[in-house]
Amino acid sequence: MTIKEKEDALVSEFGMFDEWMDKYSYIIELGKEMPLIDEKHKDPQHLISGCQSRVWLNAEIKDGKIQFTADSDAVITKGIISLLLKVVSNEEPKDIAGANFGFLEKIGLKDHLSPTRANGLVSMVKQIKLYAKAFQLKNMN
Amino acid sequence: MTIKEKEDALVSEFGMFDEWMDKYSYIIELGKEMPLIDEKHKDPQHLISGCQSRVWLNAEIKDGKIQFTADSDAVITKGIISLLLKVVSNEEPKDIAGANFGFLEKIGLKDHLSPTRANGLVSMVKQIKLYAKAFQLKNMN
Amino acid sequence: MNINIEKIRSDFPILSHKINGKQLVYFDNGATNQKPMQVINCISDYYSNMNSNVHRGVHQLSQNATTAFEESRKYVADFINADSEKEIIFTHGTTESINLIANSFENIIGKGDEILITVMEHHSNLVPWQQLCFKKGAKLKVVPITDEGDLDMVFLDSMLSEKVKLLAFAHISNVMGTINPVKEITAKAHKLGIPVLIDGAQAIAHAKVDVTDLDCEFYCFSAHKAYGPMGMGVLYGKQQWLNNLQPYQYGGEMISTVSFEKTAFNELPYKFEAGTPNVAGALAMAEGLRYIDNIGIGNIVEHEDDLLNYATNKLTDIDGMRIVGRSKNKTSVISFLVGDIHPYDIGTLLDQMGVAVRTGNHCAQPLIDNFCIPGTVRASFAIYNSREEIDYFIGALKKSLAMLA
Amino acid sequence: MNINIEKIRSDFPILSHKINGKQLVYFDNGATNQKPMQVINCISDYYSNMNSNVHRGVHQLSQNATTAFEESRKYVADFINADSEKEIIFTHGTTESINLIANSFENIIGKGDEILITVMEHHSNLVPWQQLCFKKGAKLKVVPITDEGDLDMVFLDSMLSEKVKLLAFAHISNVMGTINPVKEITAKAHKLGIPVLIDGAQAIAHAKVDVTDLDCEFYCFSAHKAYGPMGMGVLYGKQQWLNNLQPYQYGGEMISTVSFEKTAFNELPYKFEAGTPNVAGALAMAEGLRYIDNIGIGNIVEHEDDLLNYATNKLTDIDGMRIVGRSKNKTSVISFLVGDIHPYDIGTLLDQMGVAVRTGNHCAQPLIDNFCIPGTVRASFAIYNSREEIDYFIGALKKSLAMLA
């Protein structure tokens, strides 16, 4: 699946929920299934500075595709990260660089990505893109 | 005439004016008739700190009564000072100490004596009272 | 109860709002409280009918604005029972009031001197002193607290000494609600000739503030935490202290005469008020305090105490509940944690149900670190809150916890 | 003329007021200008519908307030054509903006250094530099003006030197209306590597301000002189400069992490914004600028130039008239004296007829002393003023002069 297709799949999955409670329960569930960052990487280098919950992100390249792992001490943050990673993990750097996570708006979670949100997800997206760009540059060398 | 009587006289004089222009013209005229402070007293000691126009005040005691002289570089300020002095000049210190210039309200000039007014008249009144008090103390000694 | 909550609620337009389709329950009053119509209208009226620069204008608008501005100062002076309106410096908030004093103390503090604060201080009553100490080679000393969240008076006694040049502490903790024994502490400091600055940000709307009774040298608060506008606050200072301190900012009304060679400064309170003052802000701040006066601070305290006890009891029944700050002497601020659930998660789910609480370190990071916790969820009440809202909040909290379990 | 004055006037509720029974003619715009309904309503709306503390709240009110607050910053950045909203520091006014820089320059200015200002500065752009020079043993140098009220460029050239660590001057003189050749002067200073601070208090509502084009390091203005609220202002600064300067006040959002031992500061613009920000003020300031944008600054300049020329011609016809400030390049500010009549007398009588002008030294005492005059009467116009009002003013002035003759 392309990034676009994965986004669409998530949108239709979330379309099933009428209730915000079901939506958030599902987000929390998804967080639990996310490939977790190795404990040894939970260090300041992998910490994303967000206001309240702590968020760690790691990226490795395998066969030209980036594998992301992450974690957060807040489960909702973790769930939303897992959504982001579901979409970009296992994709090529150049495709990730172009992702805009517009699906979050369609599933009613856009404000979690607002720059004024106290959860650090914006910095998280920035960091995802940085990794993608770094691997792109590396490939070109 | 007592201070009270002089105040009443001024109120009835001003009662004749229907127009603010006549009132102010009269005030300006009164300023011209005021006993002026001796030029040699126009020094920092006799200067009343007001925001915009400069005001000088002097007081001397004669036969137990205070004679005030004053001046200002703004003619309206000068006129209003002349009203104040008309009332308190040639009175005994103890009577001056009790004066409250309530007549200014009755002739519609009260705001000129408001503490927030940029003409220094409030400090002028304070200074008048200070002189009165000083002469009172002197008498007692 | 001597107050009519329905009537009070109807004064606050924002309270009828819906959040995520649910009726707003606003429990973030520690951050800022909501404004009654009286205050909102005061601002509109000012700009619609009397707006003008003050003090130097000869025209009527300026005269009227100046009179109203100075009457507001008088109202504030009376509200906190200051000796004179000269002791009321208008600032832009608690933070500026404290920074002003910290700056003006640069001439007073020297190498080896100490400034004493407490573990429970808000950043605004910590960092200005810390930076002043850095700059002057002085030492910042920190009075610890007990597990309940009270100041440790034994430590305090031992830390007060001739070296201490200022004691600065909060009247009420913004995280725990602890009401410090201000008068007693001030008296202790005075025995050694130490001046006292009180951060009254959390007290002004929730306790009787009487600076003459407290006898403190400085008292600081913000209008926006007392039903007034943002961007407005007060520094109260004893006249002899304010007279001796250097001005903070230069320009405007704080100047008496000026040439390129030298400047003479105006008298109190203007000496500390540079630039065009916020006239609308001063009027609206006084209006907010008038709102408190009209209800009566005694009635407010009684009502808020009732909410505090009611909510505390209900919360205590919840499994895994940990209330941070259990002083016997506290206002209607409840910080809590449940199990090892992150405060952010609880806050986010409560928000979905229309309940506005604050989560995080509440700008008191060292206090949070002192408890070794990631932050708290904080519910803080004001005069317009009700038991029904607390019931709803407790229900919403239980729902959230079920989802997060 | 591309503007509809009647329509504009109807936006300003205060303009329909009577003063001493006469229709208000408000010509004291240099001190503060009046507020359109749009701005007044913006404040009411904010407090009625979205009031909250910003940045750290997870609840919707806080989110929405934060978004609106940051959008206001963006609007201001675009309005003055800044590179980035990080360069827009919200302050409480021009005076605070200037004091902030003066304070932060304490580390930059040393003994023997010079700060260059001009004779026409407002106290707010004079005393902060004077006091900084006192404190650091530096020298305050003052560029003189010509009889017409233009900066003396020959002197300026000769005074610019390697010793000068900052050049600070007004975009537009608040007494004379002179528009200084800001871009040209800034370029001169830059040739010697001297940073430039511009006091834009009188420019923001009366001229196109483009900080990228001007290329100045700092630009300061107040909202209340641009149809916005009191207690709100802006410091624009180039990022590399702001990044290198020390913070001014401590507490709140300007802190990133803190322990009792040390504090890390937040990034721009927050590093310079201590305490709870004035969210209502920021929104209303942006609304005031939007009001300007909607009419178009070009149209405003055209209209105000027309008023300036119209009034200047009429005034010039009056016997004994002396206009202070006759630059070829000026905005709609007219300072004048008639014979040896005291400005206070004229102002008082004009007030009786409903005309609000300012009298005195306009917080520019050294400039007034430079002309050896007791002050001036100042009429300053804004977008809502009309030729009819000028006619009325001239009539009222003639009446006053007849009384004072």
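A, B, C and D label the chains in the order they appear, each numbered from 1.
By our rule, contacts are C-beta pairs under 8 Å (C-beta built on N, C-alpha and C of every residue); 3 or more make two chains touch, one makes a residue touch a chain.
Only a predicted model underlies this, so the values are computations on that prediction, with no experimental measurement involved.
Discounting chain D, connectivity by touch keeps the other chains in one piece. Here the spacing of chain C and chain D, counted between their Cα centres, is 31 Å. Each chain gets a centre from the mean of its Cα atoms; for chain A and chain B, those two points are 80 Å apart. Each chain gets one centre point, the mean of its Cα atoms, and the points for chain B and chain D are 39 Å apart. In chain B, the residues touching two or more other chains are 51-52, 118-119.
With touch defined as above, residues shared between interfaces to two or more other chains in chain C number as follows: 20, 56-58, 344, 348, 359-360. Chain pairs recorded as touching, per the definition above, are A-C, A-D, B-C, B-D, C-D.
Those residues of chain C lying in contact with chain A across their complex are 20, 341-345, 348-349, 352, 359-361, 374-375, 399, 403-404. Within the complex formed with chain D, the residues of chain B that make contact are 20-21, 24-25, 28, 51-54, 73-77, 118-119.
Residues of chain D that touch chain A in their complex: 54-58, 63, 66-67, 70, 256.
On chain B, the positions that touch chain C within their shared complex are 49, 51-52, 111, 114-119. Chain D meets chain C in the complex at residues 13-14, 17, 19-20, 24, 26, 28, 31-32, 34-35, 39-41, 43-44, 47-53, 56-62, 92-96, 98-99, 102, 122-128, 130-131, 140, 142, 222, 224, 229-232, 249-252, 255, 257-260, 262-263, 274-281, 344, 347-348, 350-351, 355-360, 363, 365-366, 369.
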